[in-house]
Structures are given as structure tokens and as C-alpha cells.
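Heads up, there are several structures right after this.
Next, two complexes with chain A in common: one pairs it with chain B, the other with chain C.
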Partner chain A sequence: MSPLILTLKKRLVTRVDLSSLTPDRLNGLNVNAIKALKLDYSGKQIAITELFDVTGDDTDSIHFRRSSRAFTKIGYAMTKGSIEVRGHAGDYLGQKMSGGRINARGEAGNWLANKMSGGRIDISGNVADFAGAALPDETQGMSDGIVTIRGNAGDRIGDRMRRGLIIVLGNAGDFTGSRMIAGTIIILGKSGHQTGYGMKRGTIILGKKPQKLLATFNSCGKLKMEFLRVFYKQIANIGRRFAHFKDFSPEVHRYAGDSSAGGKGEILIMLHAT
Partner chain B sequence: MKIKSTEIVDTFAEAFKMWASRIIITAQTSDWALAAARSMTGFATSVIGCKCEAGIERQITADSSPDKRPGVSVLLFAMDSESLGKRLVERIGQCVMTCPTTACYNGLQSEHSVVVGGQLRYFGDGFQISKKLNDRRYWRIPVMDGEFLVDEKFNVQAAVGGGNILLLGKDMNTTLRAVKAAVKAMREVEGIILPFPDGVVRSGSKIGSKYKALIASTNDAYCPTLRAVRQDTSLAADVNCVLEIVIDGLDEAAVREAMRRGLYAAAKPGIRQITAGNYGGDLGQFKIDLHSLVDGQ
Partner chain C sequence: MLTKLSGGMVYDPMHGVNGKRRDIYIRDGRIVRKPSANTNIDKIIDVNNKIVMAGAIDIHTHIGGGNINIARMLVPEDHRADPVKRTKNTRAGSGYVAPSTFTTGYRYAEMGYTSCFEPAMLASNARQTHLEMADIPIVDTGAYVLLGNDDFFLRLLSKGADQQLINDYVAWTMHVTQAIAVKVVNPGGINAFKFNQRKLDLDDSNKYYDITPRKILKTLTRALHDLGVPHPLHVHGCNLGVPGNMQTTLDTMQAVEGLPMHMTHIQFHSYGTEGDRKFSSGAAAIAEVFNKNKNLSIDVGQIMFGQTITASGDNMMQYKAHVHAHPNKWVSMDIECDAGCGIVPFRYRDKNFVNALQWCIGLETFLLADDPWRIFLTTDHPNGGPFTSYPHLIRLLMDKSFRHDMLLSLNRHAQKVTNLASIDREYTLYEIATMTRAAPAKSLGLSGYGHLGIGANADITIYTDLKNKEKMFERPEYVFKSGQLIVRKGKIQQTTSGITHTVKPEFDRGIERHLKKYFDRYLTVSLGNFKISDDELRSYGKKTIKIHACQ
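Entry: the complex of A and B
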């Protein structure tokens, strides 16, 4: 079997919802059945073959080629298998995902990993705002799983995040971990303003000291946090690009906060990031 | 049958089904890890009096430990998984969490588990923090030197307890030398512990007593001082000291291998016989025949 490859063949003028093209939803369909599927596009239903060249037959391994920022909901509610995206992965990538793996070789839009509860998403480029965050009408964002971002991330990463791990190797925007309930966010680059705003619990690990922290975060001093040894070692094992985590020191400057929301969260600023 | 000049008695060790866990203790230095491990395995020689049996399995280098610090692997055995869970909570809470710089991890792969860190977390009085990665949850409990990190669950598995050999020597010094050599050889086997002091027990027991309150009493058939008053003594005229090594293991194969190595290491001039303790074969689930351990048998 070869991966099911969907190559975009026209320029999109409006968004197209790809939530139906996941390993779960395509399970058991042959190529002809897949080619007979229809997608919502520009206010009407059109055949999938009007947008994509379809080749391959392995629905457990789906590849989107020449992907567009007009795509939305790739990997929606997927529980298994893998999806690879070449190009821009659009908004809502991995929304409600509970298993499997998405590998985006490019950028991703807003609301990455919204309501994600398992599995893993790797982004090789930048992502826009609200990665792992809750939608305005939701009480919780991402509740488990791993998201890695090699580039930079926008604002409000992990807003109301409940559990799981987000790693950003680049920089992050403002309000990282705002209203966070639990979980872990690691930013190795620079972080923006208002980091940890309103966080109740959870851990934000920063590779670089921010210019300013909120007044509602109070220093606990420079400490060796032993759990970081285990944490870094496990992260080093999730992929070659993270192997350098094994060399990180557990020594951090710990700030407890946000004291306006109970103060049981923490911002850990690495002292010897390499 | 003989190994060198030592007779291997045609008998068997009677061992029992137990439940076991492996606890990995790490610390800033191997000394602190050992301190915690020694404390945790103290007063854990026999389930009869201590509710569990425990011992240090081996030391772990920083390279192979969960958190890149030196550590110690401890095995702890109890008669059932529920009791094992209670002992783990007690001993990790009192002996490991209390020891400076330590962290404590599950070291066993098994489908059965008991909640340990999930109980100890309450010591954190609401300030405890959980961290989950790869389906494994840890608890960070704030303590006066920083945090105590402990796995939420420790795996447990069915195991074998009570494998044993008895060394019958011509005198105390000879028997002590032989038993030390045997312990050293047996401790090379992974997955076993020798729960008694430095691996050796001199107060072997038999089931029952003339006193109704006691379920076990001295193994008078092997006491040299009683040779003249016990009609059915097991000691020949030239045997004046008997020492026993008890072995608990994660499986029967490990116990057998430890016993085999013990036989060969202990078979020295002056050790007249090596035998094993049993209860007629009616109580234990495992019968380990000594002759089957001798090479070529």
C-alpha cells in the first residue's frame, strides 16, 4: 500500500473544510470511493477531484501536498494514523484530535490543537495565535497530547490549557499560558508580554528571561527542580530535533503565580539553557 | 551428589508465590540514594514479622537512571498486591521522601499496578503538582530541600519468595566464609534479593511452636546445641554451624539461578553439606530441587 496523497490542483478563493479527510473517516474506503467524496467549498458541494489529484490507497497515512492556508480542520477528531501536510496547514489543525500524528512541513494558522486530547502534532514552521487554546465558548483548551513548533508561535498559546505539552523552539507572542489550568508550555526563544496572565496551575518554562514579568508572579529563588531532569530526558527521546534537551540543566529561577488566580502555577526560567 | 567435597543433599527448597515491585531511588549522590535504600529495606527480613521482605537489588549508574543521577534498585515483596501497595506507601513515604535529594520511580514493567505517589501527594497539602508525560504521571511534592518527585503508580507482579539454601559447616569461621562467598555470587543475579542481614540468616525457623501464640519457632533440627536432645537432628557429628540464605526473586528462574550460583560458591572445604528448607512440599507453590541445579543434571 502507498500513502493516500491529495495534491491541491487549483487556487482556492474561500476556505475548504477538510475534517472529513482523516484516517478515521476514510477507513475502509478504496480510491474510487474516496474520489467520489464531496467537499464543502465556496457555498456548494463539489467533488474532491475538482480540488485534488488523488493517488495512493493507504488511508492510515494521508499526505496533503501543495497545501493552502485556506484549508481548515485537517486532522479533525482523528484518533489514529498519520497525516503529513506540505505547505500551510491552515486553521484548526488537529482540532479535537485524540490520537495519531500530524506532521506539518510548513506553517499553521490559528487554533492549532484546539480541544486536542491526545496524539502528537509537529509543526516545522511558525504558527499563528491560540495554539492549544480554548475557543471563546469553551472552558478548557488542549487536554492532553504533545504539540511541537520549530518556528515561532503567536499570542495566547495554551489559553485555558488543561493538560499536555506544547514546545516552541522559537519565540512566542503575548499572553502565553494565559488562564492556563494545567499542563506544560516550553518556549526556548523569546516570550512576549503578560506571560502566564491569570494562570491557575501549570508550568511555563522559558529558555530566555523575559524583559518583564507580571507583578502577580513572585520569585521563589533559583532552584534545582529535579522533575526537570526526567522531563528533559523524556522530551529528548521524542525526536532528533529535541535531543539537545538532554543537556539542559534543572536549575531555574522559579516564579509562582498568577497570584491573582490562586498562585499555584509557575514560570521556570532556565538558568543554563544551551 | 557432591560439588567438590561438599555433599548436596537430595532435597528441595519450598518457595511461595508472592508479589513484588521494583523501586528505583535516585539522589544527588550514590551515598544519599543508598541511605534511602538502606532505610527502606530495614526491618524487612520476613513477611512473618515485618509484613514484607525487601532488599537492595543493585546500584544504578547515572547513565542508566531515570533522571541522570546515581541510584539504587530495591525489590520489595509481600504476600498480596494490596499489602504490597500499603508497604510501598509506608516505606517510600517514611524512608525515601524523608531522605535529602531523593526521587523515586517505578522500575518494573507489568500490567498490574498500585497507587503510591497518588497517595503520598497529600503530604503536599494542596501545593503538590502533577506532571504527565507519555502516559506516566509523576507527583512533585514540595519538601524542605526542594521537591520530592515520585511516580503516581508502581507496577507489581507475581513473584517467588522463600527460595533458600542451608550451609552446614564444620565451624563458624568456615561457614561464615562460605556464606559470604555465596552471597556475593548470588547478588550478581538480576531480579533477586537476599532479605536478611547481609543476605544471611542464622535463626532458621520451623512452622509451629509449643507455645500456641507462635506460628513459627527455631529450627531445632539444625541447632548444634540441641544435637544431643533432639532425636531427629539433621546435623552430623562434625557439623557445628548452620547458616541459611533466603532468596526472593521476580521469577522462579532468577531464584533458581541465584541458588545454583550459591551452591557452587559455598561448596568449599569444611562445608560438609548444603541442604534446603521445606515443609514437606504441601505449603509452597514452588519446589526447587537442589540436584536439578547442579550442572549436568
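Entry: the complex of A and C
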């Protein structure tokens, strides 16, 4: 069996919702059945073959080639299998995903991993705002799973996040972990303003000392947290790109906060950082 | 153009027509006399054996203004879960419990409703309310302005102002906000909440102004009576939702000393404290007093099981209710010292004792109140349930066995304490036509609406007579608005713009001298900008303003 490959053959003028093209939804369909599917595009329903060249037959492994930022909801509610995206992966990548794996070789848009509750998403480029965050009405954002971002991330990473792990190797925007309920966010690059704003619990680990921390975070001194040694070792195992985590020192400067929201969260700033 | 609706069974309670076969002729948006034999009839629509009624009127539905707009913002998930696609004749929209403006209009029209009245327009929110209502297509709209908790009124009252001055203020407010009636929400209570009072009974005093709700009710009912406003004071009483509030409600009914008064969503005000759970039905006692006092009218505010959102100006009670919020998010705010705003999303559960009993209390009220001319069908949209549940409610009223089957599926303890099972009454089509058409039109003083007499506005709904009344009322065969065919088989054929209903009682313009000083000293807008002129109102989209007569 060869992977199901969907190659975009048209310049998109409006968004197209791809929530129907996941390993779960296509399970058991052959190529002809897949070619007969319809997509909502530009106010009407059109055949999938008008937008994509469809080849391959393994619905457990779906590849999007020549992807566009007009795509939305790739991997919506997927529970198994894998999706690979080349190009811009669009908004709502991995929304409500509970299992399986998404590998985006390029950038991703807003609301990455919204309501994700399991599985893993790897992004090799940058992402826009609200990664792992809750939509405006939702009381909880991402509730489990792993998201890794090799590039930079925008604002509000992990807003109202409940559980799970987000790793950003590049820089992060403002309001990282705002209103976070629990979970872990690691930013190795620079972080913006208001990190941890209103966080209740949870851990934000920063590789570089931010210019300024909120006044509602209190220093708990410099600590050597042995747990971090174990934790970093585990992270080093999740992929080649993260192997250097095993060399990190467990010494951190711990800040507890946000004391305006109970103060049970923490920001840990790695000590080897400048 | 002359249209003939031929052979329908007409239900027109305003003229006592109870299911008679009649032809109806429409010309230029009005119902006309049978033309002479040689007149050319342009279009004949065969409605043989179909049920013909006037377009329905919803007397109490929160469809525009600050409250419902904040409700919309609070539940974006409601809008995400219920997108409505654009069609050839209609625009896109969204929302189920708090739908967007366009969707509101379409859904009302599709059910055969042609007029809807927003009961809680804050004077300072009037512009927003009218702008939103102008967006609602097809149906006619009107709004009741809120008084009784605003600072200026309470100042007047505490200074012992003359009734004449208060009448002028009430009339002035109705003029500048383009209202058709006046509503009071938790008289004095919203204001008292701002002085940290968490409860205000009928004879409790506001801590700051030293005024009781009783005094406010008496003053306002007197004012509306003096001004000749057709719709009496629309009262959302004290202690909404509190077990044992039936005594307050009974006292309130007597407090106005025989002057006309409308008590709204009375289901929420009919709770006793009997039984093991200290929560019981007061519907029987309330209905008995209601039946005796002809000066009163009520609407029910029936609850419907499922998710909804409660939106009320009564932030004293909404603050109390916020612990039940589902999903857990809520809003309670002051608006311009005028009144309040409390929004609490809520899910009514049929297996919950209190909710099941609320459902029973609403139906008991419907079935025990014997005069359909004084009781109106509402769910207090969206507080008891969205207006789209009206057909279901009508079936509950018209179909005894369906009602009993529903009752048997509810919380068992609630089944034991309600006497709903022993009530055999079934509403007739004539009574439904009364409570959803003729009675609201009469109560609001809408001349030419709610009936099918000669000269009436041709708002007509035609149903196929089905045994399942829910199916029947859900999907009318034809709906005409001002003579134009709007809905055919439950589908919108064209969209038109309705009109705005108002009344303009006479008053002494000298009141503006007092108001000018007050506005300059305390408020954020100047007096001139506060007023909505007729020209401005027309510019919002609804081109016609119908001013109904004061008696």
C-alpha cells in the first residue's frame, strides 16, 4: 500500500474545510470512493478532484502536497494514523485531535491543536497565534498530547491549556500560557511580554531570561530541580531534534504565580540562560 | 392586485369566528370586502380545508438590544454549532438559543409569526435595540422601555414628586426611545442591588432611596393609566425564581388596587415551599386570583428542556442564579445607572426535580387560567427556551395524552407533587388563535392587527390541519405579511421589511428642563443625543413607524 497523496492543483480563493479528510473519516474507502467525495469551497460543493490530484490508497497515511494557507481543519478529530503536510498547514490544524500524528513540514496558522486531547503534532516552521489555546467560549484549551514547534510561535500559546506539552524551539510571542490551568510549555528562544498572565497552575520553562516578568510572579530563588533532569531525558527521546535536551542543567530560577489567580503556577528560567 | 384565499377554515377570535369556511380577499396589503361579481380577481389560492388565522404575535421575546447581544457574545459555541446557510432568498446566520438578527426573523416567519415585541429595552440602549430590530427581516417589531430602576425616576419618587411630573417623564421616555409600552423589572431591586441589597420584597425599602417596590408599581401603573397607553405596565416582579415567591406574586397582584397590569413570565414567580424539598407549585393559587381579577393579564414563560441562556435586566436575581450557570460563565453588569443586565447560560433537565416541576408549573398555569384573552403564550425567549419551541408547547396544550406521556418521562418526585396529570383541559384552535393573535393585539392596542376583519393588515398564516399539532404549527402552508406571500410550505419565498410599532402619549414638554440639568450633571450622553427621532428610526431600515392610539 502506498500513502494517499492529495496534491493541490489550483490556487485557492477562499478557505476550504478539510475536516473530512482524516484517516478516521476515510477509513475503508478505496481511491474511487475518495475521488467521489465533495468539499465545501467558495459557497458551493465541489468534487475533491477539482482541487486535488488523488493518488495512493493507504488512508492511514495521508499526505497533503503543495498545501495552502487557505486550508482549515486538517486532521480534525483524528484518532489514529498519520498526516503529513507540505507547505502552509492552515488554521485549526489538529483541532479536537485525540490520537495519531501530524507532521507539518512548513508553517501553520492560528488555533493549532485547539481542543487537542491526545496524539502528537510536529511543525517544522513557524506558527501563528493561539497554539493549544481555547476558543473564546471554551473553558479549556488543549487537554493532552504533545505539540512541538521548531520555528517561532505567535501570541497566546496555551491559553487556558489544561494538560499536555508544548515545546517551542524558537521564540514565542506575548501572553504565553495566559490563563493556563495546567500543563507544560517550554520556550527555548525569546519570550514576549506578560508570560503566564493569569495562570492558575502549570509550568512554563523559558530557555532565555525574559526582559520583564509580571509583578504578580514572585521569585522562589534558584533551585536545582532533579525532576527536570528526568523530564529533559524523556524529551530527548521524542525525536532527533530534541536530543540536546539531555544536556540541559536542572538548575532554574523559579517564579511562582500568577498570584492574582491563586499563584500555584510556575515559570522556570533555565540558569545557563543569559 | 386582488388575491382571493378561497375556502379556508377561518379562526378569528376578534370577531368570534370559530372555524367557519370563509373566503378572504387581499388588496394592497389589506383585507378587503368581497368584490362585486364582475371584478377581476388576479390570483386565487385554494386553501380548502386549511386553517386560516391572523399572523401570530409574540408579546414577550428578547430579540434585540443590549441583553441579547451580550448573550450572543457569551455563547459563541451556540453560534458555531448552528450555522445557517445563505439561500437565494435569505442571508446567512447562526445561533439556536440566541440567534442572529436575520435568522431570528426568518425563523419567526417560518412559524407563522408576523410581529414580535422586545420587552426589555433600556432607555440608554434604545438606539442599539432599534438598530438590531431593524435588521430583523419580515416581522414587525416594537419594544417596551424599562423604567422603575433608573436613577432619575427614583429621585423623583423619593422627593415625593407630583404624579403629573412622573407621567410626563414616562411619556417623554416612551417618545424619545420609540417604545410601545413600559416594563418594570424587579421594581427598585436592580437599583437596590447596587447598594448591596441581595433581596427586595414588595414592601422592603431601597436602602438609599427609601422606596418600596409597591410604591413603584403603584406609581407606574397609575402613570400608564393616566396617559392612556394601551398596554398596561409590563411587570417582571420581585423575587424571580425564589421558592416561596408565590406570596409576593399574590401580593403584587393586589398592590395595584385594580389598575390594569400585565405580569410577565409568571411561571418563574409561582413557587411555593411545601413538601420535603421545600419547592412546590403555586400555580393553582395564582390562577385562582388571576381568574378573579379581570384587571390582570399574564404571560407564562414556559420552560423547555435543553440548553438555553437566561438574559434578564434583573441582575439581583441573575447574580443569585449564577451558581447554576451551565456552561459555567456568566455576566452581571450595570448599564448607565439605568438598570442592569444579567446573563446566565442554563440547561433545563427533565430528570431534575426543580426543572421538571417548573415545567409542570408553567403548564398548570396555562391550563388553570380560564380566559385566553388575558394569558399569552411565551417561553420568555430565550429564558425558558428558544422561541422555536412554540409548536411543541402548543402541542402540549392541545394534546392531553401527549402531555401525559411527557409527564411520565420526567423526574419521579416532580410527578408526585404536581396535579398536572389530573387536568384534562385541552386548548382548542380557537383558544390558541386567541392567545397568540387576538389577545396580544388587543393588549398592545395594535389596531388592524391580530384579526382578519375588513381593513385589517393582511398578516395571515395558513396551516394544514394535522393531528400532530407540533408538526402543524411548525410548518405553515402559507404565510402572508402585509399581503405578500412570504412563506410557502415552511420555506421563505421573499424577504420584506416589517414596521415599527409605537405609541406616543401626550405630555408637557417642560419636563425637559429637569432632564437637561440631570443629563448634563450625571450622564454620559447629552439630552439631544439621547433622543431617537422618527427620521433617525426610519434610517435604520424599517421605513414605516406605526403610531397606535392612546385611549
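Everything that follows uses one rule, which is that the second predicted complex is superposed on the first by the 272 of 274 C-alpha atoms of A that agree within 3 Å, B and C clash if a C-alpha of one lies under 4 Å from a C-alpha of the other, contacts with A are read in each partner's own complex, and residues count from 1 in each chain.
Going forward, a residue touches a chain if its C-beta (ideal position, glycine included) is under 8 Å from a C-beta of that chain, and two chains touch if they have at least 3 such contacts.
A quick note: this is a predicted structure, and the numbers were derived from the prediction, not measured.
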| item | value |
| --- | --- |
| Chain A as common anchor, with chain B and chain C clashing or fitting | fit |
| Partner chain in contact with A:Val54 - chain B first, chain C second, else both or neither | neither |
| Which of chain B and chain C A:Val230 touches, first, second, both or neither | first |
| Partner chain in contact with A:Leu37 - chain B first, chain C second, else both or neither | neither |
| Which partner, chain B or chain C, touches more chain A residues | B |
| Partner chain in contact with A:Lys264 - chain B first, chain C second, else both or neither | first |
| Partner chain(s) touched by A:Asp137 [first = chain B, second = chain C, both, neither] | second |
| CA minimum distance (chain B, chain C), superposed complexes, angstrom | 24 |
| Chain A contact footprint on chain B (complex, rising order) | 66-69, 101, 103, 105, 127, 129-134, 138, 140, 146-147, 149 |
| Of all residues in chain A, those that touch chain C in their complex | 43, 135-139 |
| Chain A contact footprint on chain C (complex, rising order) | 74-77, 80, 86, 327-329 |
| Chain B contact footprint on chain A (complex, rising order) | 144, 163, 165, 182, 184, 201, 203, 223-227, 229-231, 233-235, 246, 264, 266 |
